[in-house]
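Residue numbering begins at 1 within each chain, and the chains themselves are lettered A, B and C in the order written.
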């Protein structure tokens, strides 16, 4: 009789975490440890700093197109964020300013009747703007963006837009006018400084222009939840973003403004899109003067991610990192300011079987922890 | 890859034998179209769903103001998006033939999608059904871009004819917001401020697809001179798969041929093609009539509301 | 309650449904389990979900890709993935009328989740649980408005979507929730409660439409 018996195979913990992350996790939690060896509610330290490669942070004149930058480090992960901008003609100016027109009373009577106003100012979302970000997680090769990168980019865009951190108004361009003074020296007349506003009103185009912000976020050696780090990097970069002043030439002169991109908006609006073109104006970027991008300080926030282990001894793991921890499906992601305001909360739970459900207490606990974390971290931004 | 659509030999023979006896599986005559149903969705302008038997195609038209192409400053832009999704049949693949993801697969399904797209493009866009010059707002600066998005919902053969009807009725139904031009400034009126305006449609091209069978096999077709090929109008999926050749003719009410395509397949006698043309022209008349009727009915439902509004405003004055 | 649906209207796919509420309308289809179409997608222990969302106008962009990721999060736990190892389930979504501005996706996602649920049932895909989605906004006065109109959405301070699993005719566990805008902890918890109630109120109608469809499908028995 041949004795067949299966020999047990032993794996090193790091290998087991790859093959069976759930088993590894369970074993760690049973003895009260996390695979990353941090405390359950302990976050990784994060270092946030300006990167110093934007055109205004460098010595001397620079033709650099980067307007703001930041570096975020946490564990082995580095995140570099740079902000650039384009100029578009406001679509607002095309929309109907019918209140000055002959059929004003007809329209208003009609609106009263329908109890609806087509005034866009009522709409909260119309006052806010966001930044179009592109996240690149370095993989050592090129290729189309992965779904993870797309998800991050879009999540950043939506969170910033709806938080109302950047107002549309702060991106408006106050155009100056380049002219010559009495001695024949070129000067740039600006709207806010002075009595020259008459000239401006006469010569300046009736159109309004505004900046469109773009962010490029590069991630190297990814570990742990990326959204937190990207969000921190983006906000830090926006905080030190400086927008150049723009002016138009009185006469057709000099070079054209560099490549300007128009972004399509209002896709679902019934009016369709409004076109934008800049071609007819000689819009130039002031090489020296600039102003800070205004960000609503009250809306600065920090994002925290939690994983939730299941089973009877369900615990909240802050900042899950490593094979075993990142494999947890259930989680809570909270963007909060230090006080009571939250700007985003994404909860991913499991179906209610075998105690897998997320409890209300866990949500509360996660929010509490994230608030504490935010209060600590916001001063870093 | 998508799924393959296999038909068993039994089924093949059955269908062919039935066709020889002038019977089609759904009880139609050989030269009979399936019932065309045009449904205009009530919530907005220019959203139409057309069903041709079980084939279902939706078309949604939208507009925006953009800058015209550099080389065509006096013309607006008209686009037709005809990306076929596997929703209508797992036989198609996501983004296979479309410009979407550039997967660039060379499967026959992808080719089929390209063929359908090209045919719709030729039938509607190249035949100048929509007057693009009327879409110009400020020459070289601003123009309307009209976009027709086709939604292929269910595939039971003959996508081309169904989508042609869908695109044309959606275009005819669509209203773009009224605008006013003052110098270079354009004022766009909201739909509840001013009645939106229809597009200028020059003619209504409608495609009719014929499928050919030879009861005596394809060999006879080349060698013999019997000319007794079977000609089917509006083939369903099964017949489309089995047919030995097809021809699509696009005509308008004025009996003008806008587009005609017969690529390969059975060799058909020229006189038969002439017969097909005159028969198609009859069908086109009927379909044009049908489209107009549906639009008229819809307009009746909609104008009631607007008339009321106008009357009310006058009273208040 | 206020939604319209039509189940099993397409015959080339295994399951399909339309779902319409508050001017948002989608049509979804489910085909599967199929042979895997691309080898690299094959998963040895579970099904591969091939999800694609097409907007009403224009081609898919990052906005739709993000919706796909969110939908996948919901479906990964609700579909019995282990049952279809090395197979593919194809889920197609076509938006017919978005019913909201481009900046938002809550209403679309709500309609998509519900429609996909009905399509999965219609397609006979094994599920681990029933589920249902709803959405709401909090307006300037702190009021919670369930299933908002586009105007309410645009004026809102925050907007929320929640998907709950359903057990014994009652909403049970939170599967997915996404909240954006500015809101407080209490508001979030209140929103989740209200969504729970809202889903409960739908339950009888959902049951009825599904039952009606099944009756039609099994007409011979």
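In the analysis below, a contact is a pair of C-beta atoms (placed from the backbone, for glycine too) under 8 Å apart; a residue touches a chain by one contact, two chains touch by 3 or more.
Chain by chain, the UniProt names read as follows: A = Ribosomal RNA-processing protein 43; B = Exosome complex component RRP45; C = Exoribonuclease phosphorolytic domain-containing protein.
Bear in mind that the values here come from a model prediction, so they are computed numbers and not experimental data.
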Of A-C and B-C, pair with higher C-beta contact tally: A-C
Innermost chain by mean C-alpha position: C
Relative to subunit C, chain with the most remote C-alpha centre: B
Between subunit B and subunit A, distance of the C-alpha-averaged centres to the nearest whole Å: 42
CA centroid of subunit B to CA centroid of subunit C, Å: 31
Inter-chain centre distance, subunit A versus subunit C - centres from mean C-alpha coordinates, in Å: 27
Shared-contact residues (touching 2 or more other chains) in subunit A: 116
Interface hub residues of subunit C, defined as touching at least two other chains: 56-58
Junction residues of subunit B - those touching two or more other chains: 44, 62
List of subunit B residues in touch with subunit C within their complex: 1-3, 41, 43-44, 47, 54, 56, 58, 60, 62, 81, 83, 85-91, 93-94, 98-100, 147, 149, 151, 153-156
List of subunit A residues in touch with subunit C within their complex: 116, 122-126, 147, 150-151, 153-155, 158-159, 161-164, 265-269, 299, 329, 340-353, 356-358, 360, 363-364, 367
Subunit C residues touching subunit A - in the complex, by the definition given at the top: 55-58, 62-63, 65-66, 68-69, 73, 76-78, 98, 100-105, 128-129, 131, 140, 151, 154-159, 165, 167, 172-185, 188-189, 192
Subunit C residues touching subunit B - in the complex, by the definition given at the top: 9-13, 16, 23, 27, 29, 31, 34-35, 37-38, 50, 52, 54, 56-60, 90, 92, 94, 96-97
